[in-house]
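The structures come next, written out as structure tokens.
Next come two complexes, and both contain subunit A; in the first it sits with subunit B, in the second with subunit C.
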Partner chain A sequence: MQIELKDNIKRRNRTNGRFRYLIIAGAAVTVIPIFLIVGNLALKGYRQINIAFFTEPAPDTFQAMTAASSGEIIPGGIANGLTGSLLMVLAASLLAIPLGLMTGIYLYENREKRYAGIIRSLTEILQGVPSIILGIIAYIWVVKNITRGYSALAGSVALTIMMLPLIIRSTEETMLMIPTTIREAAFALGVPYYKMIYKILIPVSFSGLATGVLLALSRILGETAPLMLTALGSPSISFDITKPVSAVPLLIWDFYNDPNMVNLVWSASLFLMVFVLSMNLLSRRIASKRKYI
Partner chain B sequence: MSDTLNSEPVIKIENLFIAYEPGHYAVNDVSAVIKRNSITAIMGPSGCGKSTLLRALNRLHELYPDIETKGEILLDGQSIFSMSVIDLRRKVGMVFQRPNPFPNMTIYENVVAGFSLNDIRLKKSQRDEIVENALKSVTLWDEVKEFLYRKGTFLSGGQQQRLCVARAIAFNPEVLLLDEPTSALDPVATSKIEDLLVELKKQYTLVLVTHNMSQAARISDESMFMYLGELVEAGRTETLFTNPKDKRTEAYLTGKFG
Partner chain C sequence: MNGDRVTKALLFISSLIILLLSAGIVLSLTGGAIPAFKEYGLGFITSTVWNPTSGSEEYGAMPFIAGTVITSVLALIICIPMAFSTSLFIAEYYRGTRTAGILRSLVDLLAGIPSIVYGFWGFYALRPLLISTGLTDQGFGVFTASLVLAIMIVPYATSLSTEIISMVPAELKEAAFSLGATRREVIFSVVIPSARSGIVASFILALGRALGETMAVTLLIGNANLIPKGLFAPGNTMASVIANQFGEADGLKMSALIAIGLLLFVITALVNAAGKLIVKRFA
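Moving on to the complex of A and B:
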């Protein structure tokens, strides 16, 4: 009896050990590419990253060619892409955050209503629409009809539509975690409905909402396809929302298409990757430090 | 002892019906009176409609449009349905089954939440006074005066529940509704709350839902026994416990159900 038991434990330990290796191997297979990508970008891209990289717009082909042929660092940077991205992300956030929050709260407050069910399904469908199609839609709505030409506004609209389902979803899910009794405590003090929402629901779920917004932002920061059809790109720094602007991912595409600017592809990609990664980590940090719920 | 002097009713419930689903009355034709400066216990097996009856008294059911309420409830002779909700809820405070301090607020902010959430402006000195008085009334002041600016959720369950009582009485209500306020607490915290309620009835009128018979016997002056949505029997607690008129009350008190 005793011996049998020991034997059993031994066998179990062995199986356990094998599984452990399998899991470690599986994890490695998924983690190694990330390190390879970041390492590769860092090695090839770090040389171009200096102050000018952030303060100057992209070089023209001629400047890049002379620098490349003499083996020097390519002059210029991604400032036009940074400002364009900033402008569009800001405009998209201004549209998507209030709209997404309101829709999410509406869905949460009217969970059982048929109309809410329809909106919820539409949101899910929207999340699955390929981003290039959202670009086409923004092209038709804004480029053709509002700004009558490629514009930052059109890009923002495309990005807004991408952000919306993510924010709506995270808002509804975060609110669902607030116990009903907290809401009722506010009502029992005579607090009207709308005040309960902005003085209790939103503050209580703030970190959850912030996490959702940050994830939506990191999702749109790298979007390229819809911007090609809307913001188009621009060689200079511009803050005019009715005019074409560049964006960091658009610049990466431009650099890629110019054989003299290959080095800038790596630097710009490195920057974008690190930026999005830190945004992701930040949202995780906020999520893990959730104070209230 | 003071019952004969102060037996004037604060709340009068007349033929009250409440249905969550059409035709299914969770409260079925209940008429009753709640006497001033007393503790009225509402007893009965789980699901008999105690919470439903209690939540009608501050019109909390109105949050859920599907709930149907029929009948009349008078507070000091005035129909509560003709009052503004904020006035009613300032006069009729509520403490819930689970402690529910606002998690985004400090202890201090929780006590004055009724004012701040309703945008009722107070001077700092007024607020300080309300906080200190309310916390003293619930015997929490000495325990928390050092950390008034910490989150209320950092307190123990029993302390949180006393904080919730403080939040309700900061408004200086007439009536305090309590829905099984000790069911989530340990015996020590429970007995503290019970002592507190006995103390509070000097100033307020308390309506206490409990499915703990001994609690009702210990601290209540008046008792109601509900069964399947009906008010089976109501009266002095001693009388109801020693000499129940209805067979169902007797069965409940002797532990035959619930």
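Moving on to the complex of A and C:
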């Protein structure tokens, strides 16, 4: 039997080269949007960013209209959004960070149990729930039954449920990287269980835990949809957790719906994006500089 | 010891809260959806009429289910070549180089941009561009929303498939190279077959993301309560109709919106579970 050995290596090399360029082109297309978005926002948004932008609440339509028609910078800023975001994120962190850490440690300590497996799966499901649904939930639980009206508390509850799975998973994953010998050494010395947790487990994995918390914060800071259903928005600065408040992403939505305030949307979006991205980068930086784990 | 017992109890209680939270979410959604399902039965899911005019109120979820599925699948189709080439770039062609590291961080940055910023950018920067191509008059609609959605889900698809592709054993690839295969042939005959399930899972998980995306879609899809008639026709997704109409809803309409939320919850949970299952079983 005669086997035909014919190699068309030239053609194969050509397709090989072409495929490589195709991959490079595809990767380039993927990163182009980030430059477009950052460039676009920076170019159109920087004009409005001044001190008043951070210290004054949002202007009303009329002020914006007069300024826009005379070509001036729109007065006012996003102070009411900043305080509202701060209030809700703070409240959500107070609930979600301890609860998330404890659940994460529980999952780590009881890895083999069936019950822990169920909790782990539930956490994964919770992480996949679209944020708008958490808005509905916070509306049903808090707006309808507790504060009887839109409130910062409802917004915080929605953000808490968003943060929880992120913190739980990062806690468990971080702890899994701790060498078990450290634990065993502590137990061998007769250290009680709870001391082992907060004198060894938590300090050793601190940078990992901080990364998880920062990532969770950067996720919820930009959330808009659940807040539309819960915190609603407010034109003035307010620190009352039972009353509606604004938030930076909510202000972007308000500005967007008012044709006179387009310039402010660019600035507010620029600010929000820069803030969230720096938090994101900071957490990655911590992660890459970890000492122990 | 007392401290031990308290600590163990605290840890257990916090895990119990997750259980209660999950049960509460399902129960509250179901409870809120009951009036709508009582009124329309399972026909609520298949009905294509959404008419909130009081007196002749009628609600059906089909326009939004269709809108969600069409935009998400289209977004996934746009996203696949981008994510695929990016992960091959990082994990295969320029593996371990500085360029790959930079590309990876840039793609990660895409995941950090808030949804509303994407929507706004799509509205003011991308929409005029699409209008100038002459394909669409208004620039709103399924295609615009899908395009932005695709950019948003690229990082999720890329990070997992990069990881899976870089885990393909070097021995396998070297064996193929030693037989005289070119790089492209190695990729198609060794890398992709052994990473297939992981790559599929990464795209399923990205799809799960796209299904629930709200703000960017709300700003771009055009908000028409009917099944989209074409690629450039306006529509509404399950998430965007909730975002648009929940604020002014009450009674039956609110229940219908919560019912849509319940359906969205079920769909995303199923899609995510499928993705996770594939990852666990094969990767």
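Methods note: the second predicted complex is superposed on the first by the 267 of 293 C-alpha atoms of A that agree within 3 Å, B and C clash if a C-alpha of one lies under 4 Å from a C-alpha of the other, contacts with A are read in each partner's own complex, and residues count from 1 in each chain.
Methods note: a contact is a pair of C-beta atoms (placed from the backbone, for glycine too) under 8 Å apart; a residue touches a chain by one contact, two chains touch by 3 or more.
The structure presented is a predicted model; accordingly, all values stated were derived computationally and were not measured.
S.K.: So, A:Ala116: does it touch subunit B (first), subunit C (second), both, or neither?
M.R.: second
S.K.: Please indicate which partner A:Val129 is in contact with in the superposed arrangement: first for subunit B, second for subunit C, both, or neither.
M.R.: second
S.K.: State whether A:Asn280 touches subunit B only (first), subunit C only (second), both chains, or neither.
M.R.: second
S.K.: In the overlaid three-chain picture, which partner chain does A:Thr15 touch, first (subunit B) or second (subunit C), both, or neither?
M.R.: Only subunit C is touched by A:Thr15; subunit B is not.
S.K.: Does subunit B (first) or subunit C (second) touch A:Thr61, or do both, or does neither?
M.R.: In the superposed model, A:Thr61 contacts neither subunit B nor subunit C.
S.K.: State whether A:Ala25 touches subunit B only (first), subunit C only (second), both chains, or neither.
M.R.: So A:Ala25 only meets subunit C here.
S.K.: Of the two partner chains, subunit B (first) and subunit C (second), which one does A:Ala186 touch, if any: first, second, both, or neither?
M.R.: A:Ala186: touches subunit B, not subunit C.
S.K.: Could you let me know whether more residues of subunit A are touched by subunit B or by subunit C?
M.R.: C
S.K.: Tell me the contact category for A:Lys195 with respect to subunit B and subunit C: first, second, both or neither.
M.R.: both
S.K.: Output check: A:Asn50 vs subunit B and subunit C. Expected answer is one of first, second, both, neither. What do you get?
M.R.: neither
S.K.: I'd like to check the shared interface: which positions of subunit A are touched by both subunit B and subunit C across the two complexes?
M.R.: Common to the two interfaces on subunit A: residues 192, 195.
S.K.: Give the list of subunit C residues in touch with subunit A in this complex.
M.R.: These residues of subunit C touch subunit A: 1, 3-4, 6-8, 10-12, 14-15, 17-19, 21-22, 24-25, 28-29, 31-32, 81-86, 88-90, 93, 103, 105-110, 112-118, 120-121, 123-125, 151, 154, 158, 182-185, 187, 208, 211-215, 218-219, 239, 242-243, 246-247, 257-258, 261, 264-265, 268-269, 272-273, 276.
S.K.: Touching residues of subunit A toward subunit B in the complex: what are they?
M.R.: Touch residues, subunit A against subunit B: 179, 181-182, 184-192, 195-196, 199-200, 203-204, 206, 291-293.
S.K.: Under the stated contact criterion, what part of subunit A meets subunit C in this complex?
M.R.: Residues of subunit A touching subunit C: 12-13, 15-16, 19-20, 22-27, 29-31, 33-34, 36-37, 40-41, 98-99, 102-103, 105-107, 109, 115-116, 118-119, 122-126, 128-137, 139-141, 161, 164, 168, 192-195, 197, 218, 221-225, 228-229, 232, 249, 252-253, 256, 262, 265, 269, 272-273, 276-277, 280-281, 284.
S.K.: Applying the document's contact rule, which stretches of subunit B touch subunit A when the two form their complex?
M.R.: 58, 60, 63, 85-90, 93-94, 96-98, 100-104, 113-114, 116-119, 151, 153, 164, 167-168, 171
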